[in-house]
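Shared chain: chain A. Partners: chain B in the first complex, chain C in the second.
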Partner chain A sequence: MTKDKMSFQATAGTAGLFAVAAALRLLLFTAFPGLPSLLTGRVEISTPVTSFKRLQEGLFLYNHNVSPYDGGVYHQAPLLLPLFSLLPDPSTYPIFTYILYTLVDLLSANALYKIAESGEGGASRLYSSPRKEKRWSGYVVATLFLFNPFTIATCIGRPTSVFTTCAILHAVAKALSGNIFTSMLCLSFATYLSMYPLLLLPPMVTLAYDRTYNSKAPKSLAQLAVMCTLAVSASLALLFISSYALTGSWEFMSSTYGIQLTLTDLTPNAGLWWYFFTEMFDSFRSFFLGVFWLHLSSYTPALTIRLRQQPLAVITLLLGIFAIFKPYPSIADTSLFLSLVPCFRHVFPLLRYSFVTASVVLYGTFLGPAFYHLWIYAGSGNANFFYAITLVWSLGLSLLVSDLAFAVLRDEWEVERPEMRGKEIRQI
Partner chain B sequence: MQSLSFFSLIPFLTLLVSFVVASTAPAADYHEQLNLKPLPQNSLLASFNFRSNTSLPEFEAHNFRFFPRSLGQILQHAGTRELHLRFSLGRWDAETWGARPWDGTKEGGTGVELWAWLEAESDGEADHKWLTLTNALSGLFCASLNFIDSTRTIRPVMSFRPEGDHPNTTMANMHLLHGVLPREVVCTENLTPFLKLLPCKGKAGVSSLLDGHKLFDASWQSMAIDVKPVCQAGEECVLQIEQTIDMVLDIERSKRPRANTLQTTSSLAHPPSHELKCNTTKPYHADDTCFPTDSLNAQEWTLNQIFGKPMLGNCPLTDPKTPPVCIQAPHSRDVFTSMGVEELKEPGNENQRCYLLPSNDEEFHLALPFMPRDGDRPKTDADEFVQPATPLLYAERSLTGHGQEHGGVQAILTNPSPDAEVEFVYMESLPWFMRIYLHTLKARISHRTGSDAGQTLRDDDDVVKEIYYRPFLDRQRGTQLEIRMKIPPGSTVFMAYDFEKTILRYTEYPPDANRGFDVAAAVITILPSNSTSTAGAAAAAGGKTARMSNLRTTGMLLNLPTPDFSMPYNVIIFTSTCIALAFGGLYNILVRRFVGRDEGPEVSLVKLRKRLQEGVQKFKERVQERLGAVGKGAKKVDGKSD
Partner chain C sequence: MSADIQNDGDSKPTCAEATVSLPATGIATVEGKEPPPEKEADTRRRSWIVLSFWLIAVFIGLPIWWNTTTIYRANLPLGQMTDWADGKACEPVFPLRIALDVGALPEQEAQNLLRLTQHALDDLNDFSGHHLRLQLAQAPTEATAPVRDDSNVALTIRLAPGDAAHTASSSLHPHLPILDVQYPPNSLPTANSPSSGLATYIATQLGATFAEEQNIISYLLESSSITSEHRPKGISQEVVDTVSKRMTRSLKYSQTYHLTFSLFTNGPVPSSWDIEAAIDQYMKPVLDMLRPIHNFTIDTQVQLYASPGVQSLVLGKEDLSSFVNAAEWPLSPSIGGAPTVNFIVYTGNHTIGVPSEASPGETSQSWMIPQWGSVYLLAPPAEATHVSSETLKQPILTFTSHLLTLLGTPQSGSLPMRLSTLARIRSADLLLRASSSLGSLARLTLALPSISIPSNVADGVVKTIHHLELACASLGGAKSLEHARIAEAEAERAFFEKSMVGQLYFPDEHKVAVYLPLLGPIGVPLVMGLLNEIKAWKNRRSQKLKAA
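Let's look at the complex of A and B:
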């Protein structure tokens, strides 16, 4: 009875929170009619693979029977096209798009609420943190996500990466609640939309394994891994086949995923790839593309093995790494990473550089647009200005990722050595 | 005596030549003509037209006659059935000069433009032949035509129709390819091979007037080569080559003696103030301010002056009955020619006079004297030149927006006619790095007459009838956009669309990257007003349709964002360092064990530091000891001195 009441209160609380968040978004959409198109044009929010303007162009071509994949503008998943052509034309009735994006944000927040409420951050099957009592409720975590300026800006800028965010968060939430197949389906959706979430499969499998572990009839991890891989491949195959049926050719593969592998579009963004490959010597381009992708994928096995006891931490750290090192990162990826960090409230006291990280990220946030303006509009700066800011931004975020990794590992270590709590340590 | 005998030989030689030509190949002939047309504001349009042909069976048998062998072999090798090549420079001022010569069909956009119908079984074969053709023409015309690659080639659907008469069997296999080089600077080295294709090679006839210094100094010029098969009923089909040069000369400018044009730039930029022609009616006119006048002096020129050299008689290969020089001016205009020249006035055409040259090698002179605007019989503009015809359509195109990220293109298309609507195809061939958004394409219309005259613009979906769009692919092909529009009488259409500027790899920028990239002119094909069928149907019908006319907008200069060209190494190093820092930091945390500060084995570095610290400590102690000893000694010495 009391449990029911509590859950009801929680629902009422989140309902209020969601209502406020939705109202804020719709207010921003309607009170500043120029804001959506302004933010859509920002390189920090819209990348060639997520931009809403490109989606509109793709829709226009799709509705006029021109293959959007036979051109250089549209690089997004084919199934987005029928979804958006169901909505009324965004240029005449934009309110439907606004409502859709607000709903997606609320869905993500709901998944995040479940993730935080599960307490997986502090205590998993194999590991229980000595500090696990110190944690934020789902309410706080969802609030931090919904009112994060990056999330709001992303929602107003309407890139399609919000769908990926939503799918990833739901994959995690479903894995936590033990629905392995739903979780794998969500992960396949995320992969289908932006490819890189495939790298989250190993930690997602361990997470699902831990949450469905039955000590009376233990299944092997390998068995589950095979099952999950099959589930993901099957649902991906289904998605690809339906895309093929929709567009009538396999062109979309090279246009949607090929561009992420070959980086033919060098539009500036917050990441490290674009300027590197602008300045790269032609003969070394393919080599470095290989190196960059290898580097990006090398983190998955390393983190999954080292942090086997805390799969959620692996997922969080990986999302942070993707937000820095993927080919077309935007602040949508950063906001996804930052939304999961509060689940690790218990290790915050162990962070060593929280002030430096916060300062560097703020520095990048404010100077990035300013330097971009100097380069593109004022003409008083050159490309190096913006490039320097992306370097600072990436370094700041990577500092946060490694600091979080340090804090999580130290927390693990203190289980073995409770007497070392609060003492200075070193690594050998 | 000698000269007499020489002149007496000339008719004989001409006769001989014409006899030989006439007897061996009845289908082969050669025509040349220079049309002079004085234009308002002291300009003169000179249209040179050279036309020769050879019958198709003889062409196939490599018997080229007057057809240039070098070009003919290229055409045969590349399977080209129809070829159009244009070299153009400058801008045709339609507001002042009116309708274009040849209805605009013999001009190209700024730079070099080439389109051809190739016979090929497949698109791939057509592409291959096109590559052969462009490379061969590149060598022949000393132009960078070999840079017309797949990113600059399009296959127009609505804009161009074959001009020649093609049998239906070849029509099915013909592929139209079109390429533009807007950045190509047309210059003397393109004129020389052009003249070499002529039977008289610029040594005699009207082509002897052509000189690079004058041609490329013109306000507007266009050189054209058109090759097409022509079949007339009851006659053998012939392959016709037509070479055309149109130029608009500024008479004052071309009359300057050669030495004067080679003056230093400083004196050209600042002519002496008494030579400036100012509009003295302006209130601010003074010694140091000048508003240039529109109506300059009455025209006064001779052929020698404006072309810099005289015309060296007839080309002996032409049909002697075709007058080589014509002038389009009112009959009230005084025109003087050299002796022995026969003036022909067509009865139907009030404004045309042609001159038949005597069959000798004498220089031909033509002079238009000064006609006083006052005095006994004052002359007016109407006596000077024929009022130019109003064109069917005015078109201008410009870039909008600021910054190097987003931009827009706006085309302003005006139908000046008070009662006839105009239907045309607007075609753009855009480079791939101009990433256009077709969904932003908007056409707005404003009427000059009618109930809503002078009102603000309103959206009109009725203007755009049909769009053919082939989107660009990064580094593979450019955008092809063809829009069929219909503008009601007395209206102006503002067509606009957005685009995004791409950042390129640093090796893809030209040497002066900040100058910008040239965007080719838009080609506007005005469809004949009587054809009610759609363009597609007309194209499918093939063959000759009613005459179309063309016009082209000016090119555009597109500024793209540029990277810093000086620092590829720095960027590689900085980015790699950043990645190494992130990777190294995380790697360290993941693989190393935690121990308490005072636990575990001593790392060699810590050991070294300890040892160093110990050493420093010892050294300090020793020094202090020494200092202490020395201080004591010094005190002793002091004590002694005391």
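Let's look at the complex of A and C:
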């Protein structure tokens, strides 16, 4: 897969690629009619804040003029409801839902294609990697995304996190193409749907700043930051007000964002929070909720400062961190993180633990469902089985995140000390 | 993980300098090769990163820690609470008014008799907490509309001139709180006489009538922690024994009781019973009279082929306690929060083998199970499949008397008197229990400085004290039971507040166990980073000074 070949194919083949990916999804949807509902019920795919089943419950209440948050099942953004109530009933005409989710995946892939094609991964305004020639084209990156089993499983399980994924990827793509406001609007949408993408604002601002930098009339970064913050606040306010108008109360705030902040729904998932908080002393619960959220958000400023020269790397690493440490993670978050990793093809030779990482992630992928089955259905295991495997899974992901961070920094360092290229590092 | 990523993020390539073993040069001193000095920009960047972590920890982390772990302790009126527990806030005095209906006696003589009788009563009674006060009943015209303020007059003495020449006689009215006294016409005291036979007689009769109530209240005060000058001077051991036996037999006070009537048969018949009619006819009147003190909910059930917990047909004394087959008979311990009283009618061929003269309340067909209910053995009725309401008359009447005993009703006197005594006993009991709950809560608060006290506990305490005051002010009256009940409920709710109970035992060592495992891994890199920064800053300063 040399670069020349790929770029030649890229222009011609995207449409074909998208067609194949869409066909594969629709084939899976229609050839295995039990598959969507099976995957919708999997805890690795559907979390309390993204589950399609819960969305249908909310939709039912909404269509019967009851507040969708009554009953405490639905924890998703209110604006999803009118969108889905436009579609015919998913139980009688599921094909429309399938088409919608396939389209969202294709949109994400399209944004990813643009991101990869921009070459930002290897060469940003402030930094140009010596290895930047070695990169994958948008075609390959989009292929890796579209045919990633995690992405496919997510698409068929139909959690609403695919909308967040799409919004984040578009925010990055628009920032890369210099459309700051569109980018901020996309980020607001992602924030509105899942809250945590707000933490991506600082690297997104630096990315947008770098891509719109005009050496003749330089604007200050602070100025742009204020502008972006205002844009995000304004669009978020607009979204909130329209949600208020839709549901008639501010109840959605506590039901959607409140539940992520207080973790009142302790349904098991692939993350690290649920087990911890089932065991927590009640009097320390709120304190540790604060600690966990603070831990999650403390990476943003530090990474933004450290990797100021490579904002896309910051975003990628942060998405990896979110996929591990956010309150309700699922493989949708993992697939978002994995979709951006191939943009850093040039540092792959610098990864030290690629084999270990791949094995651990595969180990978690296969044993996770097995242990969940042992716990819930077979009854021969207990909660610790599943929690142990989510620990392994998180270990695999954090190995990948730290290894990628190491590789990116080593790449930077070799620019500084070219004589050290290819030498082994040693701490002194 | 955090430490790992943070290290990768900020320190490895910049501060952990990397050297390389140079191959094939033959020089052994690889380690001696110094890395080039760090760039100024890198140092500054590292400082910024350490600063960003510390800013978050200090400006967001510390407030979160402070807000979420400070223990909220609402202010409790500890002084008042201990006063109540020690009996300093309220003198448990039960002023009972006794009306003296003198009939046709002239006013002067009536007053005289009243004064003397009161005097005799005071001499007789050494327990000042339980105080009988006489008053003249209203003029007969008004008295026919029986008693003006029913709740305040515990007993009416109806005096009437009798036939007997020298001895007075008295009898308690069977259905009304009235003591009929017949006196010989010549025994009326004269205006100046210091004592009178009739007065002493009435006083003695009154004392006897209220002896049981006095004993029970003395017992309650004795067994509570209250120290008071109104405390009884000491009651004899055997009185304590009988009263305590009776008190342990009765159920804990509750506003509502659930009565479950069950028909258990040892075969396929009888399969139906006229329980509703029987209850309406034989038990309802008593339940209605109990209404001011208790509410009742009733359900019934029939269970066929129910085998008792004992095999033998003739039940010995020890079989009685295991007769109820708790494992198989569907007798739920309590329904909807109210304590359940079980009444079981068992039809079968069982008989009780021991004559039960030891406890007079038990007939040869039934026995009472303390704090639980009672069992009645019914011979299989003639018409086999159905138990008629007449057949149930005796069981239901037995159950009614058992119910009164289970509720703690005293045994002597007419039913209205017994019930008004019951109300007074129960309000004293509740008052004492609420006070002691307050005292326990106060001691708990002082003993555990780390326990949190939510504001609703403080509210409950304030409410308790308010109602205790009201109850204390109206002791002996009808309202006092109501107030004492609210006070007791509030005190229990405050004491058993869920968020407090969880922290009853939470020593400081546990906090180390909670904080250290999680905050250790985060704290070490944070602190080390800060220390390194300070060291580097000092180095730079000393170098600058050297250079200067």
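The criterion applied here is as follows: the second predicted complex is superposed on the first by the 414 of 428 C-alpha atoms of A that agree within 3 Å, B and C clash if a C-alpha of one lies under 4 Å from a C-alpha of the other, contacts with A are read in each partner's own complex, and residues count from 1 in each chain.
Going forward, a residue touches a chain if its C-beta (ideal position, glycine included) is under 8 Å from a C-beta of that chain, and two chains touch if they have at least 3 such contacts.
No experiment lies behind these values; they were computed from the predicted model shown.
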Clash or fit, chain B versus chain C on superposed chain A: clash
Residue contacts with chain A in the superposition, chain B compared against chain C: B
Touched partner set for A:306, first chain B, second chain C, both or neither: both
Touched partner set for A:295, first chain B, second chain C, both or neither: both
Chain B versus chain C as contact partner of A:82, first or second or both or neither: neither
Contacts of A:248 with chain B and chain C, given as first, second, both or neither: neither
Partner chain in contact with A:281 - chain B first, chain C second, else both or neither: both
First (chain B), second (chain C), both or neither touched by A:149: neither
Contacts of A:178 with chain B and chain C, given as first, second, both or neither: neither
Contacts of A:264 with chain B and chain C, given as first, second, both or neither: first
Residues of chain A at both interfaces, chain B in one complex, chain C in the other: 281-282, 295, 299, 302-303, 306, 324, 394, 398, 401-402, 405-406, 409-410, 413, 417, 420, 423-428
Footprint of chain A on chain B - complex, ascending: 402-406, 432, 435, 437-439, 469-475, 500, 502-507, 561-564, 567-568, 571-572, 574-575, 578-579, 581-583, 585-597, 600-601, 603
For the chain C and chain A complex, residues of the former touching the latter: 1-2, 4-6, 8-10, 12-13, 16-21, 31, 35-36, 39, 45, 48-49, 52-53, 56-57, 60-61, 64-65, 68-69, 452, 499, 502-503, 506, 514, 518-519, 522
In the complex with chain B, residue positions of chain A that touch it: 41, 43, 53, 56-57, 59-61, 66, 70-73, 91, 264-268, 272, 274-282, 295, 299, 302-303, 306, 324-325, 375-377, 382-384, 387, 391, 394-395, 398-399, 401-402, 405-406, 409-410, 413, 417, 420, 423-428
Chain A - residues contacting chain C, complex: 281-284, 286-291, 294-295, 297-299, 301-303, 305-308, 321, 324, 394, 398, 401-402, 405-406, 409-410, 412-413, 416-417, 420, 423-428
